[in-house]
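I'd like to ask some things about the structure below.
As written, the chains take the letters A, B and C, and residue 1 is the first residue of each chain.
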Amino acid sequence: MATENTRGLARLMLAPSVGLLLVWMIVPLAMTLWFSFQNYNLLNPANVSWAGLFNYQYFYTDPAFFQSIWNTLLIVGGVLLITVVGGIAIALLLDQPMWGQGIVRIMIISPFFVMPPVAALVWKNMIMHPGYGVLADINRALGLQPVDWFAQYPLFSIIIIVAWQWLPFATLILLTALQSLDGEQKEAAEMDGAGFVSRFVYLTLPHLARSITVVILIQTIFLLGVYAEILVTTNGGPGYASTNLPFLIYRTALLGYDVGGASAGGIIAVILANIVAFFLMRAVGKNLDK
Amino acid sequence: MNLKTLLLGTCSAALLCGFANAETLTIATVNNGDMIRMQGLTDDFTAKNPDIELNWVTLEENVLRERVTTDIATKGGQYDIMTIGTYEVPIWAKQGWLVALDNLGADYDADDLLPAIRSGLTGEDGKLYAAPFYGESSFVMYRKDLMEKAGLTMPDAPTWEFIADAARKMTDRTAGINGICLRGKAGWGENMAFLTATANAFGARWFDENWAPQFDQPEWKNTLDFYVKLMNDAGPQGASSNGFNENLALFQQGNCGMWIDATVAASFVSNPKESTVADKVGYALAPDTGLGKRGNWLWAWNLAIPAGTQKAEAAEKFIAWATSKDYTKLVAEKEGWANVPPGTRSSLYANADYEAAAPFAKMTLDSINAADPKNPAVKPVPYVGVQFVAIPEFQGLGTTVGQLFSAALAGQMSVDDALAQAQQVTTREMTRAGYIK
Amino acid sequence: MARAVSTRRTVVFTIAAWIIALILFFPILYTIITSFKSETEAIQGFGIVPSGTVESYAAVQAQSNYFKFFLNSVIISVGSTLLALLVAVPAAWSMAFSPTRRTKDILMWMLSTKMMPAVAVLVPIYLIFRDTGLLDSRVGLTVMLTLINLPIVIWMLYTYFREIPGEILEAARMDGASLWGEIVYVLTPMAVPGIASTMLLNIILAWNEAFWTIRLTTTNAAPLTAFIASFSSPQGLFWAKLSAASTLAIAPILIMGWFSQKQLVRGLTFGAVK
């Protein structure tokens, strides 16, 4: 009987969240779907008409479309790779005894507190600029040619900037997980003569699996929507080298003011995101059940 | 406890605001120096109009454009006065989104406005739909010392041939000197403003009379070939991500022999507080190729009133104040003649004090007067605008083409490929928008 | 000898950690340094020692009233966090302690509500806000940010609650504690660290949200992200001023983060312990 009660209560407690999110999902989605079947340019509101599937066809045949999907995935994958690997490495390091650990930790988590547009502006003009960026200064001091980051490696540069913002998040979560690793277990493994590598592979990594999964899931959601950094740095160029799906939608929505086209793009993006999420769940989701 | 006090403080402040019976104007503006200066000087206005309060929303250009366009198109009603460019005015006026400025007052003297600027803001009904706050064209800024060192003399009206030759001679990369700095960052208001204007001088145009895109024509190939080769030989590193500000910084630091850009840049490069080369800068008209058009653009930031605001009368009072001759005098008194917003009124250029304070004044005026938005290209065109095409589709289109051209500049795409793709995307977009039947 | 080895190890780790930390912190440090330069010094790059001028801060304050934006940021980020917690705590609680077969699906679905790119829904949302009179209101923005961050908040709380051992609940029940007593005396104390760090994380996310906070506000509700947007890339030199504005915008959250990093870390387990 107690369980019956609890179950009813549990549903009641869950209801507000589910209800709110349901509304929050359905209303914009329904409106976006509706607009995606309309010829609707914001700058020409008198000319709204039924478009059928034309907006989808138009968005899909955009010369930048396939590259933008590829770039979207590259950004997600690249940033995940850097933040997860880097996050584990830094977490392992921070877990060791050292002097000034508090200050070190503060410095490492700080990038997470910086607003994305500020981060992009700082990186673009003060760090990576081939004329007066710090990296160019370093290159010149070493007698090398400064690298023109945004022309030669546009996507990579953006991945670096975004990864810088997300590295602290991954590090923090992984560090917390690492610190919860049983000290006795660690010592026992050390006593057994297990080297650093085997301890890491057989003890630490399995222990971290769940946190890594969470990092990947949450970051993926945010990374699929990256566009502010692109807008500030390369504007999607040169060519379409740094155009990802959100940027393509931005160009349609806020430069072309083509509400119909942008809505179709938004629906396509949602479908793609769900495909990514599906594979992601199959790949790493089992870790969540532990 | 501190937080509590703080919260209480704001609440009471908010209440006071609510009860004050003054009319509050919300003004959206771009964060350029002249606008910021205006914000600082508004005491003069509020002293004369105690029943009007001003609320400023200052934003970076791209964000501002996004915000005001979304708001006016959805009739959001968030602003009473909007700062908009020459590109928006004709499009919005045609939609009936702007209030005609009929009551600017007897002493406003609209005939004093520079004809080129004024015609861009006048609707088909002959009414003014926005008042210019400051205007600009583009011209050549060059280093007199480097020009001399290269053994050359800059004519007042150079050709592109001369500019290219001089740029290559001035370049000395070991000394950090690039012969010429030009925009390369993708964007309709970035590299495409410069390239569209330059293409005019090369005899190219965006569209023929039937709205057929012209990127497959030899004139565009000449333009882009010339530009890419010149920048490779004499341009700065990282040119494909340089816009106005990046080039300004390079020029001020002495890294550019020449720079072709907005005339307002002159007040920055000649300001000894900011610029290391302030006393060495000369000016010349934008270059041509002998075909009869110079690549000098025309732009103005203007104040306009969105249709639907309840406060049109007060808003018009403010606009009359901010774009009047008296405002010019006020700035001159408080901040000096060099800081007066340029490029809108003939009377300013007849003023000897201004001439003395701004050595680039005459060249600016000549550049503005030489621009002809109604006939921008050598061949006839169906559109208005020198460095843009005043149709709603241009922002998106210009940015896409800009991406392709910046790839050509960065060497990631050949000029031919860039042009072929530009032709393709433009045809696609124009077909969709119904221009091409 | 063991001591000597461990000292040597500590030295190595310390050096390595400091190098990494300094590299990661450098962009922020550089921004702060640049904010104390004049504009001409700022443009000359890293080599120039700042003159320690505060003219940029003065210029920034003269142009925009920092305090107003700051206050909006505080109200909106704290408000949306509290609101989100109010809704999310019961939900996470129920999913953690009465899981059903669909719990995981519900969680994934919640996360998937974040997948719609914001730019694609700007116009629909703007229209809704216009019709409900929520444009440029703190209430509207608070609700917006609550909805955006709710899935993350529920996730964090859920993973944290799941680590509270069920046996403790059993024991409390055996002792005859009511459900209420269970929640107040047994679970709440154990959940505090998780709630605290969720709160902190959410405040950070809300503080830094730079799409909706700029698009849905004009003056009354404009937070620090809008403040920044008025200093990025104007014509002319702006590095020192932007750095000063950026420093002002991130300082409160940075200081909060520094002081609360222990709490932040403690609750950020995301289900790592089990």
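The criterion applied here is as follows: contacts are C-beta pairs under 8 Å (C-beta built on N, C-alpha and C of every residue); 3 or more make two chains touch, one makes a residue touch a chain.
Just so you know, these numbers come straight off a predicted model, no measurement behind them.
By number of C-beta pairs in contact, A-C leads over the other of A-C and B-C. Ranking all chains by how far their C-alpha centres lie from the centre of chain C, first place goes to B. If each chain is reduced to the centroid of its CA atoms, chain B and chain C end up 37 Å from each other. Centre to centre, using the average C-alpha position, chain A and chain C are separated by 15 Å. The residues of chain C that reach two or more other chains are 43-44, 122-123, 127, 229, 232-233, listed in rising order. Counting partner chains per residue, chain A has residues 42, 132, 254 touching two or more of them. Taken residue by residue, chain B touches two or more other chains at 66, 70, 74, 249, 253, whereas all remaining positions touch fewer. Contact residues of chain B toward chain C in the complex are 6, 10, 26, 28, 30-33, 36, 39-40, 55-61, 63, 66-67, 70, 74-79, 244-245, 248-249, 252-253, 262, 264-265, 268, 273-274, 276. Of all residues in chain B, those touching chain A in their complex are 62, 66, 69-70, 73-74, 91, 95, 185-188, 190, 236-241, 246, 249-250, 253, 255, 392-393, 395-397, 399-400, 402-404, 406-410, 412-413, 418, 421, 424-425, 428, 432-433. Contact residues on chain A toward chain B in their complex (touch as defined above): 41-46, 58, 61, 63-64, 124, 129-132, 146, 148, 150-152, 231, 233-241, 243, 251-252, 254-258. Those residues of chain C that touch chain B in the complex are listed here as 39-40, 43-44, 62-64, 71, 122-123, 126-127, 130, 135-136, 214-215, 218-219, 222, 226, 229-238.
Residue ranges of chain C in contact with chain A, taken from their complex: 6, 9-10, 13-14, 16-18, 20-22, 24-28, 30-31, 34, 43-47, 87-88, 90-91, 93-95, 97-98, 104, 106, 108-125, 127-128, 147, 150-152, 154-155, 159, 173, 179, 204, 207-208, 210-211, 224-225, 228-229, 232-233, 239, 242, 246, 249-250, 253-254, 257-258, 261, 264-266, 268-274.
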